[in-house]
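Structures incoming, each one as structure tokens.
Shared between the two complexes below is chain A, which has chain B as its partner in the first and chain C in the second.
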Partner chain A sequence: MLFTSYSFLFFLILLFVIYYVFPSKAQWVILLIASLIFYALNSPVYLIFIGITILTTYGAGILLDNSFVKEKAYIKEHKETLSKEEKKAYKRANKTKRRWLFWSCLIFNFGILAVTKYTNFGISNINGIMKMFHSGTELQFVDLIIPLGISFYTFQSMGYLIDVSRDSVKAQRNIGKLALFVLFFPQLVQGPISRYGDLSTSLYEAHPFDINKFMRGIERIIWGFFKKLVIADRILPAVNTLKDSYETMDGFYVVLLGLFYALELYADFTGGIDITIGIAEALGIKVKENFIRPYFSKCIKEYWRRWHISLGAYFTEYLFYPVSVCKPMLDISKVARKILGEKIGKKVPVYLSTIIVWLITGIWHGAAWNFVVWGLGNCFFIMLSEELDPVYIWVKKKFKINESKYYYRAFQIIRTFILMCSLRMFDLYRNVPVTFKMLGTTVYKWNIASVLREGIWNLGLTGVDYVILIIGTIILFSVSMMSRRENMRDIIAKKGYVLRGVVYGVLFVCIILFGAYGIGYDASQFIYNQF
Partner chain B sequence: MEDLIEILEGIHPDVDYNTCESLIDDGILDSFDIVTLISEINQEFDVVISAEHIVPENFNSAKALYELIERLEEE
Partner chain C sequence: MEEKETKKFNIKLLITVIISLVVITTILAFLQRLVEPKYMDNSGEGSLIEEYYDNIEDHQIIIVGDCEVYENLVPPVLWEDYGYTSYIRGSAQQLIWQSYYLLEETYKYENPDVVIFNVLSMQYNEPQKEAYNRMTLDGMKWSSSKVGAIKASMMEDEQMIDYVFPILRYHSRITELKKDDITYFFDKPTVADNGYYMQVGIVPADYVPEGKPLGDYTFGDNAYYYLDAIREICEEHGSKLILVKAPSLYPKWHDEWDAQMVDYAAKYNLDYINFLEHTDEIGLDYNVDTYDAGLHLNVYGAEKLTRYLGEYLKENTDLEDLRSNEAVAEEYNQKLLEYRERLAKKEEERDAGK
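== the complex of A and B ==
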């Protein structure tokens, strides 16, 4: 059931009515049932997979929590009699038991994710290696079910487990409530990946109907649909034409593809997240923001702090830090300092961990080599900008460049935007050599005569489409510019009910009139649903 | 404490670490800085700061960080 389908709208209206008609205490149960229905409607078989994740996470969480409770009670009880060494030994023994339990559950659940999503990628690589050695045998690909939203729910559940294992949150003792945290339908298929500590409070508490909060949620949903249906889905045919006809669409058209895809991806993903956060808001639940005007970032590191924030934060918190500060990495750092010197040696743990994180980020986005190269490309530019920092400082000093001046900030923003558009080409063409070739044509193969002859009229878009897209983009850009200091919805809300009604009424009419659909039209799936 | 301030100044020399209490909240220290800092602390104080200790409360000021080092030294 897609967010953009009529059946989902019907499902949502029914849920809002039941949610606010029943007593507030039952709301979390209603949400759990709704989430189960939402998930089961896609395929009941998927429920087995998500059910196994919920059960194992629940059991391991309780056992870990019990261990902490028992340990604290024992130490408190024997405070006077235990020596410092005895306390240490007792804690160490408990920690070892907890580690076994934690790692078993973690490996089991990430194992399910790895097998369902990456088996065929592994087979294709093994076949490739066997071909290199002229082996006649070839492994057959397997037809595996990939449960809906498996990356998102596995990451979210394992994030909870890590937090419990660190004793930073208490384990949820009600299995229904934990199931709701994992299954919460608005964020199940495309994120954001919420942390238990952030989501749980508002997810389980009672929410009496509040017209203001409800309307704020509806406003956000309308804005999300506007982005998705009026902009993302309208530009989609042009993006598909440009990438599929890459043999003839080079030079100028590659640049055009970069710009069109930047618009499509932004409108699609942020639109989907607006719908998710809007639904949660209408239900009284607080989901953290996943984007902060990412295309206004001044460097690639900043971009990744503002784009898909929850995934970046997840990898930083649960992968980058644990890997970079673990004992073996600190030992590597010590050795590197001795061999390579202080300056380079101290960067070794940072860069090694960055490579690991981006390798996994790439594979998370897709089981293919183009995503691995995309991830490592991001990693390369992050490390390059770190290394070039002294050069930037020297240039700025030498040429008396004022960093706070608008022209320098504009240069930084445009530079970052071009870089990110170029890296996304690996996602578009899905073929590493083709991507490098096409990026090359932007430098040496500008067929101006062909561009003047064909123009932009052979991309599957009409004049009306272009007009709608230009106006839509101006609206998107203006909202982003105006939201620098204060959220646009807050600005509109302050202007009174009449203007508020007019703005969202006009947006709603725009979706009806200019949304990319009609009889027989199947609204396209959100890009991030595939993860 | 002086040793710690020296390490911090090696990462960002332009910050007053005696008064600043929002090193994380204001984005002065990013993830790269934190890892470099932990590696330096490990060299200087021989304590291992693990990932679960990387929370804003422990890294927002030099004082809070020094208290964490003292706690870990005691353990």
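== the complex of A and C ==
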């Protein structure tokens, strides 16, 4: 059931009515049932996979939590009789048991993700290697189902498990409530990846109907649909034409693809998240923001703090920090400092951890080398930027560049935008060599005049489509600009009810009238549903 | 105090929401009317179904079917020569289940003595094309018959809500509006004469392609199901059902299909006339009586066919000649006059090369 389908809208209206008509104590149960229905409607078989993840996470969480409780109680009880050494030994023994339990559950669940999503990627690589050695045999690809939103729910549930294993949250003892945390339908298929501590309170508590909150949620949903249907899905045919016709559409077409895809991806992903957060808000539930005007970032590092924030935060918290301070990394650090000196040596573990994080970020986005190169490309530019920092400082000093000046900030923003557009090409073209080739043509093939004169009319868009897209982009840009200091919805709300009604009314009518939906348009699922 | 303010605030917001919804609904209703196809240019067939509601009365004959009825039979001629009142409930590629539901709906308004059904649509056992569905179904008034017709007709990518709110289907027309969309926003003239859609062009049937041989000539279960339904509803209302096959040269009416219709008619004691077997008696000359090389008749051929049908009805039914009924005559003579005027106008336009 796509967010943009009529059936989803009916589902949502029905849910809103039931959710607020029944006693508020039952709301979390209603949400759980709704989430199960939502998931089962996509495919009942998927429920088996997510059910296994819920059960194992629940069981492991309870056992881990019990271990902590038991340990604390035992030490408290035997405070007087146990020596320091005995306490340490007892704790160590418990920790070892917890580690076994924790890693078993973690590997099992990430294993499901790996098998379902990456088996064929592995097979294609093995086949490639065998071909290199002129082996006659070839492994057959397997036809595995990939449960909807598996990357998102696996990450979210394992995040919970890590928090429980660190004793930073108490395990949820009601399996229904834990199931709701994993299954919560608005964020199940495209995130954001919520942390248990952030979501659980508002997810389980009662929410009496509050028209202010409800309407705020509806406003956000309308804005999300505007981005998705009026902008993202309208430009989609051009993006598909440009990437599929790479043999003929090179040079400036590649630049055009970069720009169009930047618009499509932004409108699609942020639109989807707006719908997610809006639904949650209308239900009284608080879901963390996943974007903060990312295209206004001044460097790639900043961009990744503002784009898909929950994923970046997840990797930082659960991967980067643990990997940076794990024993093997500390050993590497020691050796590196000895061999390369203090200055360079201390960077080695940081850079190694960064590479690991970006490698996994790339693979998370897709089971293909394109995504691996994309991830490592991001990593390369982030590290390069770090290394060149002294050079930047020198240049700025030498040419008396004032960093706070508007033109310099604009330069930084445009530079970052171009870099991100270039890196995203790996997400588009069929493989890495083609992507490099296409990027190369932007340098030596100068066909800008013919593309703008004739080419743009062969991309599946009409003049009216371009006008709608230009106006839509201006609205997007203006909203981003105006939201720098204050949320746009707050600004509109302050202007009074009439303007509020007019703004969202016009947006709604625009969606109905200018949205790319229905017969004649491909029902396009949200890009991030695929992850 | 604070609670009171919040309550006041909520009421204000609630009023805003209600007013916004009313305004949005009104605007969308206006826009819906704007973007809905008006079917006035070259696709007047799309207007045929809705025109019936301005002509509801007790017709003696109701004719249902596809283009082979609304382009081949002329109700004003049936009146002029035989004094029969008739109406064609037909539309482009009207599928048999659509004919059934249109007939079912017609019985809610009137009770004809004779129902004539053109059997060409027996060849289709499942929905064919969304555009044709819309031309038939959009014009129907909402009733259980329309819901049934939609459910029976929807293609895989169609949804009921698109019929309930046509703006969801036609919204993309906002960028391709034409003068007609404004001109006929509130009202539009009738394009047909009691369901007959006039064509005055003359294109001889110089070449008629051979029909493609089929693997299986048996009509489908679904088609038979609705043919039975048409027969039963006619029986229920005491109407005589006559099955016909129009004398269109193409698409090919296979002998195997004809045999099945002959058998069906014999089984249920129905009249079945395959006009293709009577073209000489009808007096059809495919050099001058067709406007599209034999697919459909033009008005000259249609008048000939209608007169032949009139003779048949005169000999085989108890239909009363109503020309002596003043009230009916006044109305139908007016319709006949309009028909003649339309014919003269169209001929003039044709001759002027418009």
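By definition in this document, the second predicted complex is superposed on the first by the 520 of 531 C-alpha atoms of A that agree within 3 Å, B and C clash if a C-alpha of one lies under 4 Å from a C-alpha of the other, contacts with A are read in each partner's own complex, and residues count from 1 in each chain.
Note that contacts are C-beta pairs under 8 Å (C-beta built on N, C-alpha and C of every residue); 3 or more make two chains touch, one makes a residue touch a chain.
No experiment lies behind these values; they were computed from the predicted model shown.
Enquirer: Check whether A:V142 is in contact with chain B, with chain C, with both or with neither, and answer first, second, both or neither.
Expert: neither
Enquirer: Considering only touches as defined above, state whether A:V391 meets chain B (first), chain C (second), both or neither.
Expert: Once the two structures are laid over each other on A, A:V391 reaches no partner at all.
Enquirer: Identify the partner contact of A:Y504: answer first if only chain B is touched, second if only chain C is, both if each is, neither if none is.
Expert: second
Enquirer: Return first, second, both or neither, reflecting whether A:V21 touches chain B, chain C, both chains, or no partner chain.
Expert: The answer is neither, since A:V21 touches no partner chain.
Enquirer: For A:T316, is the partner it touches chain B (first), chain C (second), both, or none of the two (neither)?
Expert: first
Enquirer: What is the shared patch of chain A, the residues that chain B and chain C both contact?
Expert: Overlap of chain B and chain C footprints on chain A: empty.
Enquirer: Within their complex, state which residues of chain C touch chain A.
Expert: 9-10, 12-17, 19-20, 23-24, 27-28, 31, 35, 130, 157-159, 161-162, 167-169, 171-172, 174-176
Enquirer: Applying the document's contact rule, which stretches of chain A touch chain C when the two form their complex?
Expert: 6, 211-212, 215, 462, 464, 468, 497-498, 500-501, 504-505, 508-509, 512-515, 517-521
Enquirer: Where on chain B is chain A touching in the complex?
Expert: Touching chain A from chain B are residues 30-32, 34-36, 38-40, 42-43, 48-52, 54-55, 75.
Enquirer: Name, in rising order, each residue of chain A that touches chain B in their complex.
Expert: 88, 166, 168, 301, 316-318, 320-322, 324-327, 330, 333-334, 337, 346-347, 349-350, 353-354, 386
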